[in-house]
Structures are given as C-alpha cells and as structure tokens.
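The structure under discussion appears below in the form of structure tokens.
Read from first to last, the chains carry the letters A, B, C and D; within each, the first residue is number 1.
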Amino acid sequence: MNRREPLRVAVIGTGRMGADHVRRIDRVVSGARVTAVVDIDAERAKAVAAGVDGCTAHTDPAAAMAAADVDAVLVASSGPAHEAALLTAFEHDLPVLCEKPLTPDAASALRVMEAEQALGHRRVQVGFMRRYDTEYVRLKSLLETGRLGRPLMLHNRHRNVSSPPFFTSAMLISDSVAHEVDATRWLLGHEITAVTVLRPTPSAGAPEGLTDPQFVVLETDGGALSDVEIFVNCGFGYQVQAEVVCERGTARIGDGHALVTHTAGRWGGTITQDWTERFAQAYDDEIQTWVDTTRRGEITGPSTWDGYAAAAVCEAGVRALEAGGRVEVDLVEKPALYR
Amino acid sequence: MNRREPLRVAVIGTGRMGADHVRRIDRVVSGARVTAVVDIDAERAKAVAAGVDGCTAHTDPAAAMAAADVDAVLVASSGPAHEAALLTAFEHDLPVLCEKPLTPDAASALRVMEAEQALGHRRVQVGFMRRYDTEYVRLKSLLETGRLGRPLMLHNRHRNVSSPPFFTSAMLISDSVAHEVDATRWLLGHEITAVTVLRPTPSAGAPEGLTDPQFVVLETDGGALSDVEIFVNCGFGYQVQAEVVCERGTARIGDGHALVTHTAGRWGGTITQDWTERFAQAYDDEIQTWVDTTRRGEITGPSTWDGYAAAAVCEAGVRALEAGGRVEVDLVEKPALYR
Amino acid sequence: MNRREPLRVAVIGTGRMGADHVRRIDRVVSGARVTAVVDIDAERAKAVAAGVDGCTAHTDPAAAMAAADVDAVLVASSGPAHEAALLTAFEHDLPVLCEKPLTPDAASALRVMEAEQALGHRRVQVGFMRRYDTEYVRLKSLLETGRLGRPLMLHNRHRNVSSPPFFTSAMLISDSVAHEVDATRWLLGHEITAVTVLRPTPSAGAPEGLTDPQFVVLETDGGALSDVEIFVNCGFGYQVQAEVVCERGTARIGDGHALVTHTAGRWGGTITQDWTERFAQAYDDEIQTWVDTTRRGEITGPSTWDGYAAAAVCEAGVRALEAGGRVEVDLVEKPALYR
Amino acid sequence: MNRREPLRVAVIGTGRMGADHVRRIDRVVSGARVTAVVDIDAERAKAVAAGVDGCTAHTDPAAAMAAADVDAVLVASSGPAHEAALLTAFEHDLPVLCEKPLTPDAASALRVMEAEQALGHRRVQVGFMRRYDTEYVRLKSLLETGRLGRPLMLHNRHRNVSSPPFFTSAMLISDSVAHEVDATRWLLGHEITAVTVLRPTPSAGAPEGLTDPQFVVLETDGGALSDVEIFVNCGFGYQVQAEVVCERGTARIGDGHALVTHTAGRWGGTITQDWTERFAQAYDDEIQTWVDTTRRGEITGPSTWDGYAAAAVCEAGVRALEAGGRVEVDLVEKPALYR
C-alpha cells in the first residue's frame, strides 16, 4: 500500500464495539480511514456507513475484503464469526486486527494459527488492549528492568458494576478472566500450566444462578502464581488492579492512576520531570478542539480578553515583585465581543 | 472553508513549542494538516517542513498567511512577535491559535483586542492549555455543580526541576505564574483585582541572583484569594497542584492523577463505572499502533499464538469451574512464526 | 520528690480540657496520679475529684499548691487565670505544665518569664502539644537530617467543622493560628518577624460577623515564609496539614496518617521494618484491656476455643503444604463455655 | 482482688516478647505491675526483675504462681511450655493472658480447653493482638454495620523483611499465617473448613530450602474465601494488609494508616471530626513526657519563651487582621535561661 496515504480499513461487525472502532478510526486516530463496514444487519451497517465519508456498507465480509479500496481489516463481529473472517482475510493477504477472543475455543484457534503459518508471515494482531494501557505498559517496563528481581506472584482484581443478562458462569472465565490470562502471560513472559477455580457463596447482588464472584489461581511454567478475583456484579464500580510481587519489591497499578512500588523500605511513585509529559494530553485536546471548532467556523477557547487580562495581572505582579507590597490591577471595561 | 477537507494550518515559529505543534497536527490530531511553517531561521523552517507532506517553508509570516492553501494560523513564535502576526492574520480574517502570552504586556494586548473588535467577530484562541487538562476540567466541572458551595480560596503549587539560563525573576511571574493567573480567572470565574508577591530567601539550588521561590497572593473581585507557590528550581520534579477551598468542602488535583474531594466527613474520589471510560486511551493507542505498523508493513501486537494460548487456558478454566479442582493446560508446541 | 513514687499532680481548672487531663493522668499515663483538682465552680471540682482515688477538691489554686501531697501542677484554667496560677506555682517552686496560651498577651507573658528567670531555673512547660504528635515529630526529624536542604516555605491548613458560639474573628488568630505560630517556630527553628492577614469574603457557613476563613502569612528571621489557611467553619471535618518546601524536596503531613516526601523524581513514604513498630499500639491496648477486664473479674478477649481453632487450622495447613492439594479442617463441637 | 490496687502480674518467659511485656506493664500500661518473672534461664530472669520495683525472679512457673502477690499470669514462654503453665494457672484459678499459639497443636489445645471447662469459667485470653489493632478494629466495626453487605472474600498480604535462622517452611503456616487464620475467623465470624497451600518457585532472597513465599487459600463455613500471601523474606519491609470484598463494596487496611472503602462509585475514607480524636496520642505523649521528665527533675518541653513568642506573634496577627497590611513582630532579647 501507499505509505503516504491513509490506511483504508474495512470494519467487520458494527455492534457496540465495532461502531466505536469506526468512530475511533474516523475521529481519533490519524493516518487511517474506514472505507467499508460489514454487518449481517444491513440497516445497522448502512446507518454506520452514512456517518463516514466515502464508506460503503456490506452484509458479506468477503465482498468487503475483495473491494479495491481496502488495505486492512478490523474484526469486531461476535466470536463465533471470527474464524471465517480471519480465513477470508488470509485469502486476500490482508492485515487484521481481531478483537478478542481470537476464536471461542482452542481447536478453532489452532486452525487459524495453521492457516497463518501456511501464509508464511504474520497477519493478525489480537485485541488484547491492556497491553496498550499506560499503567500496564509502565508495569511491564518496570518488570523488564529487573530492578525488582524475578516475579513470584501476581494478584489481580477485576470488578464490574453488573453483568449483562446473557452472562453465564463460564463467561466469567472465558470473557472476563481472559484479560488476566493474557496479562499474566504478557507481564510475566510465562505460559500458564494449570488452573484452579474457587467458588465462594455467590453475592446476593448477582443474578440467580450465576457463580459470581469466582477466585481463579493460574500456575505458570516460570514457577509463578497469578490469582484473579473476578466479580462482575460488585455494584460499586469498574476496577482493574494488578500487583506483581517480586523478589525485591512489589509494584501495583489500578488504585487511581499511578504505578506504586514497594522496595527497600520505601513505597511511592515517580514524579513527572517535564511539562511536556505532564500536559501532553492537554496540548493534544487543545489543538484538536481548535481544529474541530475552526472547521465548524467557531471560536470557543480562551479569548483575546483572557490574554489581555493575564498580561495586565502579570504586569502588576512584576511591579509587586520589584516594589514590594500589594499592587492593584486595572482592567479596561470588558468589550461586548467577549461577554 | 470546506468542512469535509482537513484544516490547512500555517505554523508561525518552529522552535521547541512550534515544532512540537507541527508534529502534533501531523501525527496526533485528526482533521488538520500543516501546509506552511514560518521561522526567521530559514534552515530551521526548511528542516521542519521537510518532514511533512505538502508543507512549504517561509521566513515571512505575511507571505505564509497570504498563501491559497492556508485556512488557519497557529502562532508559536516568541512573545514580542505575536502582535504583528495576529494583526496580519486579522487582515486575512484567519482564525488563530496563539500560544501564551497573547502579547508580552497589557498595552499591546489592548491593541490586539481593539483590532479584533474592529473585525467584528472573534478570531483568536489563546493557548492557555490547562483549560484542556483532564484534571483541571474535572475540577472546573465540580465547581460548576455548586455542590461544594462558593469558592473561597485557591492554593496553587507550580514547581519545575530547573529554570533555563535566560530566566529572570520577573519571568517567574510573567511566564510561570501566568498559568495560575489564567487558571484562577477560569476556575473561579472572577477577575483579579490585586497582587502581592512575597520573597523568601532564595534556594541554594537557584542560579545566583534569581528570586526563586516566590509566593504570590492574588485577590479577586469575587472576594476569593488565590495563592501561588512558584519554585522553578525545586530540583525534584515538575508539579502542578491546585486545591479549591469552598464553603462546603475542598477539591484537589495534581497529587497523582485523580480529583480528591473532602466533604461531609469523607475524603476520596470517584470510581470509573465502565471499561470504555477506564480503557479509552488503551483502545486509542491500540488502533493507532496497529495503523502505524500496518502502514509500515509490519505486524507487532499480540499474535495468533497469544489468541490460541488464551483460548486454551480459558477452556481449561471453564472445566476447572465446572468439575472443581485443578485442571492442567495443554498447549501445542509454539510454531517458529511466533517465536 | 521520690522518683520511685508516682508524681502527685494538682490540676487547676476542670472544664473540658482539665477534666480530660485528669482522666488521662488517672487512666492512661503511668507514673503519675491526680491528688488535687481546683475549679472556681466548687461542685464541678468535687464531681471530678470524686472519680479519682485520693483526690481532693479546691476552689483556690494557692491552697491546692500548698498541700503536702502535690509535686507538680497542670494549669488548664482559662487563659486570663494563667498568670496568677503560674506565679503561685513559682512561689512553691513547683514544675508546671501550662495549657496554651501561656497567658493571653505578650506583656503578661513577659512578666511570667521574668518571674521564672528570678527563680533561676525553668519550671514551665507550655502545652503546645503538636510537638508531641507523631506526624509532626517525624517531619521535624526529617528536617533535622538536612536531607531536604534548608526550609523555604511552610504551607499550613487548619480546619474545624464549626466554631463555638463565643468565637471572635481575633480568636481565629490568637486561639487557632497560635498552634501554627508555634509549629512554624519549632519546625523551622526561626523566630517570626512579621504577620499579614488576608480576608476572603466570609463563608456562608460562618456565623454572621465572623471573618472566617482567614489567610495568614508569617515571615521569619531565617528568610522563610509560613502561610496558614485557618477555616473554623469548614463544615466537613477537622484537618491539620503541613507541607514544608525545602531546597531539595518537600515533606507533607496530615493527609491520612503518613509523612509523604517528594524528592529526586520520587514521591512516597517509608515502610515499617518490624512488627514491634507496626503493632506497638495493638500490644499496648491488648495488655491494657486485659488488665482492665481482669481487675473487673472478667475475661473478654480471644478464648481458648480461638486458640484451639487456630491450632487445628494451622495443623491442616502444614499438611496441605507438605502433601499438596486441599486439606479439610476438623473441629470438635464448640463447647457451651465459649459460645 | 482489690479493684483499686494495681493488678499484680507474674510474667512467664523473659525472652524478647516476655521482656517487652514486662516493660509494657511497668512503663506503659496503667493499673498493673509486674511482681514476678519466670525464666528457665535464672540469670535472665534476675536481670529483668532487677529493673522493676518489687519484682521477684523465679525459674519455676508453679512457684511464681503460688506467691501471695500474684493476681494474674502472662504466659510468654515458648509454645511447647504453654500447656503446663496454663494448667498450673488453672490450679490457682488465675486469669491468664497467653501469647499465641495457645499450644503448638490441636490435641494439646483440646486438653487445655477441657481443663478450662472443668474449671467452669473462662480464665484464658489468647494473644491474638491484631484484634486490638486500630485498623483491624475499624475494619471489623465497618463489617458489623452491615453497610457493605455479606463478606465474600478476604485478601491478605503478610510480608516480613527476613525470617530468623530457625524458621522452617511449616512455620510460615503455623507461626505467620496463624495470624491470618485468627483474623479471618474473627473478622468474618466464620470457622475455617479447608486449607490449600500453593508454592511458587522460592525467592532467591529466601534461605536455601525454605519454601518462601507461599499462597494459602482458606475456605469458611460461611461460604467465604480468604487468601493469604505469606512472604517472610521480601526484603523491603513489614506489611500486613487486608481487603474484605463484600456484596456492596470493599474495605482495605494496611496501605499507610487508614481504612479505605470502595462503595457506590466512590473510594475514600473518613475525616476526623474533632481534635480530641486527631491528637489523642499527642496529648497522651505530652503528659507522659512531662511526668517522666519532671520525676527526673528536668523540664524539657516548650518553654515560657515559646509561650511569650507565640503571644507576641498572635498580638501582631490580631492587629494585622484589624488594621490590614503587614505588621512587624517585636520580641525582647531572648534571655539566657531559654537559650
């Protein structure tokens, strides 16, 4: 593909997750655009396509992938539909971002893996998005420095306010703990060798018949343990916490928004060293907001009046610094344009 | 301008801040592109332009703004150059994002304000980017609910590791406290009526002759006080903290990454209710990374093997849940493609 | 006095504070007992004395101090009564713990100081109890190590839920900020050279006519600044916070119960190294509770059944460790004595 | 016994723990004194007794308990010696505080329990001192309010810097996890029905041959799970943490010194409402220090000079409040007595 032009993406599945990815590629991500959307519900596909410039709607993934203006595929359909979509993408040798799970069971996943190997090169990225979360990334980086020594245990908490009506006891494992399964493998660099699931008496807040919470213990081929509290009807909030216990200290994420370590008689975190790091998000949002409003022909941010008032106050401040004492600020009357 | 096409931006000034804005518009922000850069240093302008598709280099802001492919202007030159750039933009009726300060003193700011009024509509957004910082935005939103009552005092801390060589005692006010001046006006919705600057004995860590730290007290027309510790050679990190003390509680930002309130016998914060909120950044980064690597012809994220391994572990987990006890996980040998 | 025998204390004033000190000497502190209480309200003095073994009630401080069984005096009467009580104690050369303020104004304090000097040795300890608070003590110790460099600024917050009916605007200074005045002098080791008091618009939660909150700036002969937010009708809680800003870092107390430092790119605190430190209070309370209940002829703590159950579980645990897998715990039926 | 007189205690065992209890009863606890100490090492018993007024030294517990001046017994000898000491105490019908473990195994604990039942009334309090720790007490109180609903899981962390040379893998259970065994039973009000012990690869920081860390899962007759990370050579500090997960929220202790709850979309803790609560420890220490120094004929606390300086500053502050502006503080020269 032309590396200067935006990546042209077909999105398979336009449910909650798929539609959100369409919006993300269209409005948030730079360097890509959505040229096709696919859904077995033709109306839904059309509605989503209508909101995106130059995007066509399809009901058949194969038709979309065969189109000339598709460079890559994002699979966000339901799990059982993934295998077929992936194999079709392989036929067109298209790169695929496939939402987790890759497929619903190990046997179908094996088939996909064999097909990709037959292709001779990697084409699939699986949607384990915790690997891109700032906190997880920091935790992984810290582990890789080796400063804490070898990881021995990983304690995970995964809590949701409530589970959707179709959720089954097995889905607490296959849909929710699946994230901790990948996080354990990725953070520790180990494969998992055994699983134990313990079942406390279900919460009164869980739907009748749902085994919630569960407590899962994963053993790894590196000799580490990873335990997971999964509680999908905790009622009070969404929480994802992880604490790695290593030979020389621990590191924890998920209590607020910082990586907290415990080492050598000290607990704490790091302090940003620079405003570019601290305010990167603010600069991004400032420019994006200005671009968006300007394209709409509006001006909404801090005004010339705000610039003038700040200049007048700072002038008074410099006089106060130099002369000592209290200096009054005189502003002209606020013009109508800025009210 | 055509609202479907990207906004075409001329960036005036390609120093540290200007070059960073060029990168941001080119790589981070969606819906805009840089079509012209301006710098009195022609080599620097050329170097920056060379990195951006379809971007021309100029030494004269007026020439850049006169170009046919410019819809808007971002002014990031040094403060004394702002007035001329703004007035030129007004001649072309171009929208401007002007880095702070608007101009270096109140008199020139007044002239800009008068010129914009003569134009009859707002054209300027000033670069007070704290108004776009997530923490400040949350603090402002909380104040606007009225739940804490009227704000009485605002305590600000503004610390830098060290100041650049050209920094003067007056610049602690006009360059650094300028941020708190705007934050005070914006958060409280008050104008500032008087300033007092107190000078403790300078830190041994400050350059000879620099009055650092300083302690600034701002009084407002709403009867509130805003105090600012400004310490630009604190040595240990970059910190921006603000605590608003209201009639029924306080709210604080800048200690880590959360808004902490103290009300009615309780301190604490809120818990995210949903994974879309908690992991929004991760999804954005996941897709952006996939787009970037795919455009380079690479695949680097979680692989099919990772998807298969997760499926196999979850299958074992579901069996462990259903049968009780410990269930071993069997994986096929890892294929060469995924090593 | 006989160093083996308990110190015999006369307590002058049996209001809220005085009565609490009587209780404290009688029930909490070891090595002292209250042998006399004094109050102008004879009934109140009698009521307090009645609760303490071998304690007499008086209305005249001089009479109490002249008694043979008094080794020391604790002055907890109202401020205006302190001078006379102190001078009387000096006549008997008795050591005095005098609640703050020493006296209500500088002139009377000077007279007391001259009388003590005439005595030729120190007899007075003033009740600035923050110097004994664990957090303040840790902060002072840290400052004394010199690790953070010279102190430059001290930020203090002092908040009460509400003020008593008799509280005046001047009392926010003389009664409340008096604590920060001493804390500033003690922590920094400086004398205070100037005071400025700023008055934001009073809170709607403050009684009509009370200037609350106030913002006080103290300057010291060591070139440091100490600012105090005093807000005695904040409504939500009692908070005493202090942050010292030094040349190489800051240290803060009062947010929960730990000393938090910011130095060299890291924030955080220390971790206890030993159970004797972590659980010192628990051991004290355990033994005190056992002594108290045993003297009343009762046994209320963890029972023999609790000891047996723990032994049985640990036995099973050791078997589980050695054999692997899950080991069930068998307990005998719980005897009636322990139900 | 006479309830007005101090409780006269015989302490059995004068090792680290026993000697510390002797000091505690002698110097910290009010209402009790040590009248006899017992140790098989006669020299050690004599050395400890020599430091306490009116205390005799013994090598035979029975002899000490038979003495006329013993009202109660504190057993702090090694575990295997507990059973004999307890049975002897029962013969004299003396109340006993017995350090944990009650006895080293369930069979001997059963014999003690039977002997106490034969006595017909409770005589033993077991030394599970976590039940007296402020944080555990708050956690228990919160659970008892029922506000969080039924407890479902309890996550415990128990970390020591390093283990003593004689520590065995089994002692991680019987000596260390024994605390969590009692804490689980007490906090949840459940009996434990099964134990599983998992063994990650030992830390490189653990002595050769010691299975450290271990991960213990306790199941209860109330359907709850309690998991314990026990890691006695973590190297960085002593940490005891507990998080109870209930049907409507969680509560956690051990991260610093506060009880933190997560409920209904909010995390946080409570704010002290009163200075008596916040500064109780400071008042206790202030008075105790004054008593101790006064009995030694010294005066070391805040001086009359400190009282005078505070009065002078507050006077200036009140003038600053009333007149506005900055008011200088004039102090007399500091007299020699206070230097």
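One rule holds for everything that comes next: a contact is a pair of C-beta atoms (placed from the backbone, for glycine too) under 8 Å apart; a residue touches a chain by one contact, two chains touch by 3 or more.
Not measured: the values here are computed from a predicted model.
Between A-B and A-D, more C-beta contact pairs join the chains of A-B.
The most distant chain from chain D is B, comparing centres defined as mean Cα coordinates. Averaged Cα coordinates give chain A a centre that lies 45 Å from the centre of chain D.
Centre-to-centre separation between chain A and chain B, using Cα means, comes to 21 Å. Looking at chain B, residues 196, 236-237, 239, 262, 265-267, 269, 271, 273 sit in touch with two or more other chains.
For chain C in complex with chain B, the residues that touch the partner chain are 149-150, 152-153, 155, 196, 198, 200-201, 203-205, 213, 215, 217, 219, 222-225, 227, 229, 231, 234-237, 239, 245, 247-250, 262-267. Residue ranges of chain A in contact with chain C, taken from their complex: 260, 262, 265-271, 273.
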